[in-house]
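Here come two complexes built around chain A, the first alongside chain B, the second alongside chain C.
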Partner chain A sequence: MSHLISDRVFVIDQSRCIGCEACVQACEECGTHRGQSLIHLEYIDRAMSTQTAPMVCMHCEDPTCAEVCPADAIKQNENGVVQSALKPRCIGCSNCVLACPFGVPKYFSRPDQMMKCDMCYDRSSVGLKPMCASVCPSQALWFGTLDEFGATREGALIFELRFGNQAVPTKVGTVVHDISAGPINVTVPVPGLWQEDPFGLEAAVP
Partner chain B sequence: MRNSADTRRSGLPLQPRAAAIALLSVAVVLVLVFLGSSGLQWFDAALAGYLIGVLMAVFAVVYRYLVWLQRPPTAMLNRRGWESFRRRGRLARNVGGLVGLATTNLLAQGFIRRRATSRWAAHQLVFWGCALAAVVTFPLTFGWLHFESVGQDGSEYRAYLFGVGTSSFQATSAVGFLVFHLLNVAAFLVIAGVLIFLYRRMRDPGALAVERSGDFLALAGLFAVSVTGLFLTASTLWLEGRFYSFLTNLHALTVILGLLYIPFGKLFHIFQRPANLGVHYYRSDGETGDQQACRRCEEPYASSRQIADLCEVLGQVGFDYGDGTGGIFQQICPSCRRKMVTVAQAARVGGFG
Partner chain C sequence: MARLPVSEEALIQRYGPHLNEAPPGGWDAAVDFDRQVRTHCCFCGQQCGIKLKVKGTEVVGFEPWYDFPFNEGKLCPKGVKRYLQGAHPDRLLEPLGRDPGAAAGFSSMSWDQALDRVVSEIGRIQDSYGKDAFAMLSGVSLTNEKSYLVGKFARLALQTANLDYNGRLCMVSAGVANKRALGMDRAPNPWSDIPLADVVFVAGANVAECAPITTSYIWRARDRGAKLIVADPRVTPLARTADVFLGLRPGTDSALMGTILHVIIENGWVDRGFVDAHTIDFGAAAEAVQHCSPSWGATVTGVPADRIVEAARLWGTSETGMLLHARGIEHHSKGVENVWSCINLGLATGKYGRPGCGVATITGQGNGQGGREQGHKCDQLPGNRDITNPEHRAYVASVWGCDVDEIPGKGLSAEEIVEAIHDGKIRGLLSICFNPLVSLPDSRFTAEALGKLEFFAVIDFFLSETAQHADIVLPGSLHEEDEGTSTSVEGRAIKINQAIPPPGSARLDWEILIDLADRLGRGQYFQFGSTHEIFDEMRVASRGGTADYYGMTWERIEAEDGIFWPCPEAGHPGTPRLYEGGRFAHPDGKARFNPVRHRPPAEVTDDEYPLWLTTGRVVSQYLSGTQTRRIGPLVEQYPEPLCEMHPRLAGTLGVATGDIVRVSSRRGTMELPARVVETIRPDTVFIPYHWPGAKAANQLTNRALDPLSRIPEYKVSAVRVERAQGHVQVRDRRVTALQTEAELR
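And now, the complex of A and B:
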């Protein structure tokens, strides 16, 4: 199964995020949702660390947001990109906001609408980088061909995460260094308190 | 992957209950036509094609609406919306507020204005144009409304509603001009709205990128109905009735195709959008009820009712986000979910940095 959109793949490596917020600013410039930043960026635990957590839509193969939408307003296009809510249909119930395992859709009360990351479809559909990936200085957000990824990046891409019993295949690739360990399991507690060794330094010591 | 809910939902290709109610709706319209036109006395046979188009549209709209209501999330919202509306101690206030809510949301459509004034202006023009056209053409087609000349010289007319005479007016008066040109007014409103919509779309690369054929088809259909309607007036006023017969058929064809498009295309939102009122009551109810605390950060993030309903719907559509201990992932707030994904990912690359 191909994960390509016009032979390119969107990649996220949250661990590389430096919290510069360039993506937040760039997201607002996207042609499909001008003026609204739809990317999420927040501190994991501000009291303990400067580490930030960026999140774009992972474009699930079988989008939970679309399945729980009472208005049938969320559609996946022919390239597997999950679009923002259809404006005439969205009734602003926030089911998608509360159902998405990645916490991606945003509800805007003024227009009474949900909006979400659509991988800057005006750009990515013609091979251009989504706005966030075009400005990310640490390449936590990256867009390119698999060959480019293999030639310039460490690690491998995984296209499935698990949330409890639920496997969620995604179109967006997540960087891991141990692909043989299988899907990223979000609900299994990370061994040890991550705050005690946030950069993996102690774990790396033999 | 989730369990295939599609297999559970599938069954007969045609849903008998929805089809039966849709057929009943068609029968109700036919009865109303018979009664309203004094036993078809005032039914205009020249408009029979329009009536057939309306009946087919009624069947398809009712059928699709009922099938839509059966989707698990829609059924849940439909049930909860009505429950919230009828809640004891709130019913009177909800009924009182309904008129205002429907006026702001469904008629004035303020939520569109808050997105963009030009989009709102275009939508208002199309909406009121279509509403005006519907108010005139449906009663005419059903035989509920007809005009009769007062006297023999055709200078004065009287409108009859359900066979009952109303006030008369001079054909050449301002009132007469307006009455006879109401559909032209509607056509100009719709065309103006369509042109604004087109202008916005053609200048917006973002909108074009996510464009689907249905978006343009709806505008093309509205434009075709309006323009062919205006052709009839043009033929009468300036071409001495030339091509009138052909233009009548052309206009009827566009209208009937338009009516048939409503249940299947973008315009079906006319019937879906009022569900927003149910959301309003559901949300107000939720805000005053128990709040769901995030299982991770323990902060409230949504109404307990909505989270419980959502968890039920997730199961109905085939998802299993359970953690094996009775908890469901959606009982964690969206912010914590994003953080958890990041922590889990970082663990797979040897930590942050």
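And now, the complex of A and C:
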């Protein structure tokens, strides 16, 4: 399958996120859903770390949100971009909100409809980057060609994630540094690195 | 009077801060605009390119400006939402006079009435107490043209020596250190050098929150395999991913850098060829760190010795390297020495004047770099000239067409102006784009000083907490309402374009100053019909100075995506990288090592005040918050200050996240919610400083100044922390609800 929107691919590298929320602020500036930010940004565990995680729609090949929709309101377009629920069909049941393995769809009581990241289709379809990947200061959210990625960025891309026995192929890529190890686990410090003890409290400081 | 005319509540009810939540017409309005104006963000020295969408006379949104090379469309949340400062209910639309009889404390007046009152009070005070008894405070939110005009206005129209600016709270320590060590006050590199570095050393700079776009440059270096060292008392969002993290005790930066220099010398990593050919006084600098062994460094800084040695190895053995520093090492009573200790590391290893090499300050304020170059700093004239240097004075007098003796001498710095007001030596003040009540240390002292002014006039676009104390308020212009140039963190002059005219009867700042100069009988020096004419005089005034803009034109600046100074003649391409080939800007071409012996901060912890307090910024707010505390989506992101503390400290205090704590210093006390996190040293608490009154971190901070740069020591105070009454819900950054303990039960 192709991961490309026009000739470009959307990539997330969670490890680079600085939690600034530029993506959250910019998302609601998008012309198709003004005032409603559809991207997610969460602290993993602020008590432990400043690590944050942005989440755009991964645009699954077989979207769980669409599979569980009783009203058949969630459609993919010809490029495989999963759309917000069709307003005339959406019954506001939030099945999709609960079922999405990535927690992406959002239900809005006004206008009683599920809305979700559509990769700024109004922008990406005319060659512009989505809002979040445009503004992201650390480029944790990145949009470009695979050649550009290979030439300028460290790490490899994976396009399939596993939830138990369910393999979920996605159009959005996730950056990994060791492709055999899967996605980076940002919550567990690698033993021996300073992150285990940032201030040397366990070490013998004279 | 300089006291609040009515209650603070009544002032806030009328003048805010209120929150602008949505673009003009609301979110539901169609996206409809007439044109897009290419300009730059007004928040911070990165000066990101941005396109503002304009409909009629209102800014209605933004579009990323992908082609501007510095940020290529990238913006932080402040940049995204900056357009909401326009069409704001708090915008000042007409001149105001203090009126305790008016419900909101001010009544409107005509421009003639307001300006005449200002001029008559200036005359009265100067006739009674002398010219220098009337002072001016300025801000580096202003363009180069306005900064230049303010410098000339204070010296020739007010005829006072006492002009200073809020850049005094920003990068002046780096300015002094760079000037004395290297001969020039500018970051030596274009940011495009960062990706070329094999090691990036970030010292005292919360890059992710205060200069977010710089993170992308650092990642570009790391994509090439560069190592990242971060020195900070907190594990900031960028520090989290560092290869080496140096979690030092506040106030020990020069001990850390001295130890690194010691290790570099001991291991033979000094670039002898560079040191011998291009520098002087290495021996003195080496002698000053002779005692700084890793174990000494570990004891003083609290950083494990092996990490300091590893940082020294990375810096000392890498072919290229960039050291980026900011207020974390500069906001100290030894800020200049801290910067020298960094410069020494660059000089000792030959990391200057080549691609991917340099020691650079990250300027914090919008036009922090350009502002001081154009001469609204108490000791400088245009072109970064020295106001005490007879040749410099004579040249500027020749441009201004005045007698050299008409240019006053060196005046007081910003904090010293406030102290002189407190002492009764300065009786009148004109302030533009400066909110000292929030931004200066020891805010109770600042408030006392304002209360002693006989007359206080303010030019601003919102009624800041300081402006609430004014006798006359003159409504000036927002960034997007005027045009001109500013100079970014890189030393790149860029073009600010007007998107909309000032609303109501608000006026352009420079027109207000020229009108005042006319009424002061000094109009002959201010014959400007446009900001372009001010620019043309400014570049002549800068000619031959270190910050030489003479070869620049507005047209070139726009066509070439900015020009790096010095640009001494027409057609000169500008100077992105300084000191190429090891030629420094001192007359002999050599850089100076400055010996730095670590000394403690002005205030140290003791039994009564056993913890360190350090202050700083959050990503969604800018400086004193006059603008960003009025933008709803930014306020929602981090609504009020939280006191960060380590669980070990919280445990001894019996405090959990959300509990209200009382933080006390020798200056004052404040209560605020705790946020318990493992990302800060256990002996240190952090409070961001963007808020006024009872929420002001600067109630606690110390007025101790660096002897050379006169920067206050915001980054180190001694405090006591106790559990107080109450609890709030803190979910991530968002403080959602104030609750009493009773309600919680």
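The criterion applied here is as follows: the second predicted complex is superposed on the first by the 179 of 206 C-alpha atoms of A that agree within 3 Å, B and C clash if a C-alpha of one lies under 4 Å from a C-alpha of the other, contacts with A are read in each partner's own complex, and residues count from 1 in each chain.
Operating definition for what follows: a contact is a pair of C-beta atoms (placed from the backbone, for glycine too) under 8 Å apart; a residue touches a chain by one contact, two chains touch by 3 or more.
For clarity, every value in this text was computed on a predicted model and none was experimentally measured.
S.K.: Does chain B (first) or chain C (second) touch A:22, or do both, or does neither?
M.R.: The second partner, chain C, only.
S.K.: In the superposed model, which partner reaches more residues of chain A, chain B or chain C?
M.R.: Looking at chain B versus chain C, the one contacting more residues of chain A is B.
S.K.: Could you say whether A:139 touches chain B, chain C, both of them, or neither, answering first, second, both or neither?
M.R.: second
S.K.: Give one of first, second, both or neither to describe whether A:51 is in contact with chain B, with chain C, with both, or with none.
M.R.: Both partners.
S.K.: Determine, under the contact definition given at the top, whether A:129 touches first (chain B), second (chain C), both, or neither.
M.R.: It touches chain C, and chain B stays clear.
S.K.: Contacts for A:152 in the overlay, against chain B (first) and chain C (second): which applies, first, second, both or neither?
M.R.: A:152: touches chain C, not chain B.
S.K.: Is A:34 contacted by the first partner chain B, the second partner chain C, both or neither?
M.R.: Both partners, chain B and chain C.
S.K.: Classify the contacts of A:42 with the two partner chains as first (chain B alone), second (chain C alone), both, or neither.
M.R.: both
S.K.: Starting from the residues of chain A touching chain B, keep only those that also touch chain C in the other complex, and list them.
M.R.: 15-17, 31, 34, 42, 49, 51, 194, 198-201, 203
S.K.: Could you please specify the touching residues of chain A with respect to chain B in the complex?
M.R.: Of all residues in chain A, those touching chain B are 12-17, 30-34, 40, 42, 44-45, 49, 51, 53-55, 61-62, 64, 67-72, 77, 83-84, 87-89, 91-95, 97-104, 110-113, 118, 121-122, 125, 155, 158, 161, 163-167, 169, 174-178, 181, 184-188, 190-191, 194, 197-201, 203-204.
S.K.: Under the stated contact criterion, what part of chain A meets chain C in this complex?
M.R.: Touch list, chain A to chain C: 15-22, 24-26, 28-29, 31, 34-36, 42-43, 46-52, 129, 131, 134-139, 152-154, 194-195, 198-201, 203, 205-206.
S.K.: Name, in rising order, each residue of chain B that touches chain A in their complex.
M.R.: 1-2, 5, 68, 71, 73-74, 76-78, 111-112, 114-115, 204-210, 266, 269, 272-273, 275-276, 278-279, 282-283, 302, 306-307, 310, 313-314, 317-324, 327-330, 333-353
S.K.: Can you list the chain C residues touching chain A in their complex?
M.R.: 22, 26-28, 31, 61-62, 64, 66, 73-77, 79-81, 208-209, 212-213, 215-216, 219-220, 222-223, 225, 235-242, 244-245, 247, 295, 298-299, 302-305, 307, 619-620, 633-634, 637, 646-648, 657, 675-679, 681-682, 732
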